[in-house]
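Chain IDs A, B, C and D follow the sequence of writing; residue 1 opens each chain.
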Amino acid sequence: MATIIYISLAFLLIFCVMAVMSHSLLKSAIYLALASATLGVILYVLGAYWAAVIEVSVCSGLITVIFISAISLSKIKKEEVQKLYSDKKRMWFLPVMLIVVGVALIVLALANDLSLTNTAEKVTEDFREIFWNTRQADIIGQIVTILIGGIAVFVLFRDDEDKK
Amino acid sequence: MNYLNYAGEAFLLIPLSAIFLNNICNKRFIEKHFHILTGAVALLQMIAAVFAFYIMDANQMLNFDFSVFGSSKITGIELFDINPVSLVFLFCIGMVAFVSVMISIRTIDVKKGSYVNLLMTLLIGMNGMVMVSDLFSLYVFLDVIGISSFVMIAMFRSRKGLEGSIKYLIISEIASIFILMGLSFISMKTGSLSFKDIGRNLLTNTFELQTILIYAAIILMIAGFSIKAGIVPFHSWLPDAHQSADTSISVLLSGIVIKIAGIYGIYVLTNIFGGIKAYQVSLAGLGIISVVVGALLAACQSHFKRIVAYSSVSQMGYILLGLSTGSTLGIVGAVAHVFSHAAFKSTLFTNAAAIHEQTGTLEIDEMGGLQSRMPVTAFSSTIAFLSTAGIPPFAGFWSKLLIVMALWGSGNQILAGFALCASILTSAYFLRLQKKVFFGKTPEHLSSVTEVTGSIKFAEILLTAVTCIVGVLFPLIIIFLHSRGLI
Amino acid sequence: MNGWILITGILIPLLGALLLPLFGKLSGKFRNIMALTFVTTAFILAVCALTGVLADKPFSARYVLPLGFSFGFLGDALAVFLAMTASFVSCIIVIYSFGYIHEYENQNEYYMMVCLFVGAMMGLVYSTNLIAIYTFWEISSLCCWRLIGFYREEITIDRANKTFIITVLGALIMLVGFMGIYSQTGTFDLTEMKGAYIPSWCVVLILFGILSKSATIPLHSWLPDAGVAPSPVTSLLHAAVLVKIGVYAYARFFVLTFEINEAFTTIVPVIAAVSALYSAGVAFRENDIKRVLAYSTISQLAFILLGLSCGEKIGIIGGLMYIMAHSVAKGGLFLCAGIVEHNIHTKDIRKMGGLAKTMPLTATAFALCACSIMGIPPFFGFFTKHMVIEGIVSSGNIVLGVLFVLCAVMTVMYLIRLFVKVFFGQQTFSEVKEGTPIMVVSVLILGIISLLLGFFSFLPSHLATMIWGLM
Amino acid sequence: MFNSIGEFLCHGANLIIFMVALPAICGILLWLFQKQYIVKLVIAILSSVTNLIFALGLSLHNEFFTRVPYAPFEFEFLFRVYDLCALFIVIAAVVFVLITLYTVIYSKKKHYGGLYLLYLYISFAMVNGALLSDSLGSMLFFWEGLLFPLFGILLIKNNNNPKTAVKTLTLVGLSDLLLMLGIIITSHTAGTQNLSEIENLAISGNGMLGFICIMLGALGMSGCMPFHSWIPNASDDSPTVFMVAFPGALQVILGVYLALRTVLDIYGFVPGSGISIIIMALGSVTLVFAAAMMLIQNDIKRLISYCAISQLGFLVMGIGSGLTDGIVGGLHSLIDYVFYITGLFMISGIIEKQFGTKDLRQLSGLLKRIPATMVCFIIFLLSVVGFPGFNGFLSKELIFNASLKTNVIFYICALLGTFLTALSFLRMGMSLFFEKKNAPSEIKKESKSSVGMLIPVVILSSLCIGIYSQNGLVEYALGIGKIAGVTFALIVLFAAAVLLAVFDYIYGYKKSGNALNCANHIIYAPGIKRVYKSAEKGYFDPYNWLIALVGGFSDICVRMEHGVSWVYDKAVPGMVNKVGLALHRFDNGRLSRYLYLVIGGLVFITFVFIIIK
């Protein structure tokens, strides 16, 4: 279990760094999606199933869709972007620092034997009812998030249709 | 109490049903009458807020818990909660939304339906955020706000808009990550994220990892909410985003979104961690840096909306200063400043819309001498600027005064004095703005400019009236607050 | 409880000002008359309040709010003295404006701001609450910002902005001082603070505000620059309202209300002396008619400040009377300068000359007012100057007395230089006409009043002595 | 009759009404009736004679006080009539009668006549008020009240060239303001403003300053150095009537009155003390310098004005000595001064009016043409020099006495002054009366000689012939016994000086062959020549010094003001802008920069949390 978490964390870190460092908006978006997906894995392993599902669906799914659509629809050509960035130095400082911080955190966690609370909670029969009763607000929020995703896709694609 | 329940539900359900209505109706019909729909929602929100406030005051209630859709309740778990402060925020949301609608009538020509949808989701996000009673729910609604705003900025797919929105998205997602991280650290200790369950007792004096993590959580959450609020040095996304959006959207962003997403979050934090000295100091430090740097940055911008956006940065600093005291007076001052800021910042964006509509540009170097051609705009922008600069008797003065008094009372005399004097910088950049836009020589191409008409003019007049009337009648508010034992 | 007279005296010009643009839409003449009516009402009500003072039952109204806020209005001798002076000179200026302003744009705004200005002054002098005083203080800054920027040119706007920034910064710093007092006493109400000792740093902060408003070195720079405004406006700023606010505040706070450190009876006169000499020196070399007068104002204000700050009875009474003398005379001088500028379209005194032949009445009025400023008997200015210097000498600072006498000498020199260069010497503008009757009459009124006040100086002196009695 | 008038005046505000307000009102009347010559004449004579009667009444009446209640705080209009001031009032009134008469006639057809008379009357009212005042404040009030009419008069004729007016107002204003300071310090030191209550203040510390200021003010008003230089300028371009009235009479009366009071009552003035030496030095410098300047003047009025200044120097020497001799001599000298200087100016006016010029180089042989005037002229000249039998004699001798008693240097200066005065009068008199340079026809045809103008001259000249010197009036006024007579040895020395002047004149006349150039051998002597040159250029003019001083100070101030404006206009906004731009450049729109900032902020907050635990 822990191994998966650590591996996923490492991937998460790498993807995030790549997302930030990439010269192409598109690649950035894809890395971001991958990072979200990895995060979803971690959440799932930790027992936050709902969160994991929503993370994967909303963040890596919807938002990536929006991103990719927005980026591909925008008129900026690849060369233009590259030209825009060609004379700018890559910032190597950031990934190195992030990696160092990440490693430090991991070491810290290992050294102190940071116990995780029992993650795999019992899934009761009336799971949904309790969930609705206790986390109603979150659910509304998630629903609206998905709604926005829909709207966003609609907005950006329809615009494309209009243009045609 | 039923009424309160209805009112509380209204804040979520009205926008939802508006979305519903918007999407089932005839497209052309909605395109034609979208402003009635959205305007009605905003008005209803304001009415509901006033109504709920009145009932709560009459019953001397300080908060009210409820849940929507009549679901069964489990005792001890609050799902939504309204209290006077959140009602003030809700009222501001309604007001700014209303202004946005007024502006959008003139500025938005296409995608009106989507505008309505996104505005409504934004409203749900903001309303939800100020009503929830749980940090995680707060986070969820925060993201709703974030995503709605991002889409709204990008909606018209101008290159600038896309760039701004991507910057906004990235930085704001970093903020979300920070907040989420903080949440997880806290929940590690408590297992619950309800406001009630987390408090100062989290912190023990022993030096152990969990305490450190709680501190780390506080730090991360301050940083996260500061990013959302556009506090210096987390501010850099803000002007880009606000400048690139359509004015009807930037008024929302600058007028209310940063305050709900950022300041309200910090307000919640203050309620929980307000007693920690380091928390206060860091807020005060961030606040004063914001005040000064925001103003200095505003002083050298050449785009109308950028100036106003940086001004928001500066004003957020004042609110942070108020919150940093942790005292009731400070919080009252901060909330009052949220309101007055909503009023005058909306005015300024409305002016921006008016100028943009009439002249087609917002670069202040290309303007001049508009005062005689657009007297209403000039007048309302002057009032708004005076209110921003804290010139009495306008609303901004009183809220700033309360903040400074609270700061003074909490022992930060020098900081208070400095904050007060720093508002001269506000005057400085607004005077520059006034000079370049409204006075001086009129360029050739602007010689035929006339005053804006219709809804934007209406909004200008309305907001100016609000700023003036609230300012002049502020002593009544003080009497009211005093009679309720708040100050 | 005749407080309503005071409140009406404040509200009529304040609220009336807001109506003036509407009147202006109806008819320009109606607006002008209404503006005059509002300002005159303020004057009449101030005279009404004088009866209360003379009967030793000053009008007052007070409503206490929480947090040490309050609505307090008190028409005591000082307030009424200032209110009468300011509103009277403002009346004359408004009358003069009918002749001066009528050909320019933005008249609605002009009359509105003038009226608002007077209202703010009334409010400032009657208020007994620090926050209210601050509020009116800032309203006056606001008005002067718009009034200085009346011509809407690049330079005037810059100057207006400068004025606004400096005075508002001063006021903000003063507000910090108020906060200090508040933390000391727990109230903003002046009547509750009588005799309170306030720490020196608060005094310094408040002085900052006062000096910036009263244009004392080194916060004076805005005042000469404000000369780009139309002449009635500069007259209003220099003579009737704006700069007097600072000295009024000094009198109200440090003479009548608070106990302050003894050292300030030396420090403030020293500042005043530097200010007086320095600005007199600059005035001697300036070539812009309005700038000369502006530096003269700075110099004269230092005299007022000297009188008020020396801590001696005669000095304080002299300083108070000086306010009146200066208001009337400097108002007249600026209005005369306005007539000259209006008719020959230049402000450079090197280009003027021999105007006494073509505009004898203006020259006479100018001479009368200038004599009062120079302190030549029997003009009113003589008594006040004498008393102020006597005050500083009797407080033991003879060196300062000498410096101020030197400054008085320089006053004579630069005013004479100005007068002679403008009205005598080679005639450069031969086809210049005298100003319009309404303008000439207003300046003559001010000139003659300067003279008459000299003969009836015991009247203001009586009132000023009553102000001393308030201590 | 006089006594009952005095009785009437000593009640209530009558004094101020009749001595001050009445002249002022008459002045206004004269101004209103400026076109009607006869009316003007009648009013002028009536009013001035009335005033004289009042003055006599007061002088015969006992000492009394009167207070006028209408004064501002601590500013009393308190009047007192007693011996000294009564004497001065009478002198002023006498002269005033003559001056008015002369003025009205002189300015008969002049457009400025009415206005001039108004100013003159106001000035006279002020002089009366100042002489009668018992409170220092009210004295100052009337004293400085002279400034306005003074300035006005000087502007009347010189609309296009107001330089003299400015100079006058500046110098007199300076001295007046010094007087104000002196009075304030004095009353502060004494603790009261009332002259009658102030006695013998110590001249040390503040008192020293007060004394110096009062003396400077008093002497400055009368035109002593260093406040003298406006008088010659005024003689160039002001109406002669002005010279007659102001430097000739009113101002000197006022100034000497106050100087006397200061030395006698107010301060405990010790003869031979340092301050006395300084004042005497001032007097002797004035005397010698002005007398020397007389030598090179070619303009009658200018010459007379220098003569007036140098005679004032005598006066100051006398008063400054503090000795009884000196003071009595000074007072005598004042009375003489008023008569002969006024008379001389009047005559210069007559000459100017008749011949249209006042340039000595163009005038000659006048004795035959206007003999009566010239006789008076000679009487005045002799009186000025101090010939025995004429008025000047006694006063001069007394002052010589006093100066010798103080220090021999002063005596030498006095002799030198006498010598120079005598020489320059010889030069003027000879060239005016006896020389024949020009054919009479070359001079402008003389206008009708006005008998009216001659009347005051004749009266004055008759007053100059030793009629009163012995009667002890002065001694009575000063309250001292009769002073001892004049030492014979001194008279011899004095006569020697005068004789020397005569010889020198003859030598000079022989050498240059021209009366006007008789002093050339002195003027062009090496060393002295340079002094004269620089004097001509105005290097010795205190007004120029003052202007240079103030100008220099102003320049410094202006430079500083530029600095201040620079700070406000450029430096501060520039700084704000620069800082803003620097910050703005930092926000360059790159995400990496933004991320840096976020991390920086995070570090900042962490830092705060680490420091404050």
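Definition applied: contacts are C-beta pairs under 8 Å (C-beta built on N, C-alpha and C of every residue); 3 or more make two chains touch, one makes a residue touch a chain.
Note that the coordinates shown come from a computational prediction; the quantities given were computed from them, not determined experimentally.
Student: Whose C-alpha centre lies nearest the centre of all protein C-alpha atoms?
Tutor: It is chain C that sits nearest the middle.
Student: In terms of C-beta pairs in contact, which two chains are most connected?
Tutor: Comparing chain pairs, contacts are most numerous for C-D.
Student: Using only Cα atoms to place each chain's centre, name the chain farthest from subunit A.
Tutor: Of all chains, D has its centre farthest from that of subunit A.
Student: Taking the mean of the C-alpha atoms as each chain's centre, how many Å separate subunit B from subunit C?
Tutor: One centre to the other, that is 42 Å.
Student: CA centre of subunit C versus CA centre of subunit D: separation in Å?
Tutor: It comes to 37 Å between the two C-alpha centres.
Student: How big is the gap, in whole Å, between where the Cα atoms of subunit A centre and where those of subunit B centre?
Tutor: Once rounded, the distance between the two centres reads 27 Å.
Student: Using mean C-alpha positions as chain centres, tell me how far subunit A is from subunit C in Å, no decimals.
Tutor: Roughly 67 Å separates the two chain centres.
Student: Among the residues of subunit C, which are close enough to touch at least two other chains?
Tutor: none
Student: Which subunit B residues sit where two or more other chains touch them?
Tutor: In subunit B, the residues touching two or more other chains are 170, 428.
Student: Out of subunit A, which residues touch more than one other chain, so two or more?
Tutor: 20
Student: Which chains touch, pair by pair?
Tutor: Taking the chains two at a time, the touching pairs are A-B, A-D, B-C, B-D, C-D.
Student: Which of the residues in subunit A end up touching subunit B in this complex?
Tutor: Going through subunit A, the ones touching subunit B are 20, 25, 63, 66, 70-71, 73-76, 108, 112, 114, 117, 130, 132-138, 140-142, 144-145, 147-149, 151-152, 154-156, 158-159, 162.
Student: What residues of subunit C sit close enough to touch subunit B in their complex?
Tutor: 65-67, 69, 71, 105-106, 131, 134-135, 138-139, 141-142, 149, 152-154, 157-158, 161, 164-165, 168-169, 172-173, 175-176, 179-180, 182-183, 205
Student: Which positions of subunit A touch subunit D when the two form their complex?
Tutor: Subunit A reaches subunit D through residues 20, 88, 91, 94, 97.
Student: Note which residues of subunit B are touching subunit C in the complex, please.
Tutor: Residues of subunit B touching subunit C: 369, 371-372, 386, 389-393, 397, 401, 404-405, 408-409, 413, 416-417, 420-421, 423-424, 427-428, 431-432, 434-435, 439-441, 475, 478-479, 481-482, 487.
Student: Mind listing the subunit B positions that touch subunit D in their complex?
Tutor: 167, 170-171, 174, 178, 215, 218-220, 222-223, 226-227, 231-237, 239-240, 277-278, 281-282, 285-286, 293, 296-301, 425, 428
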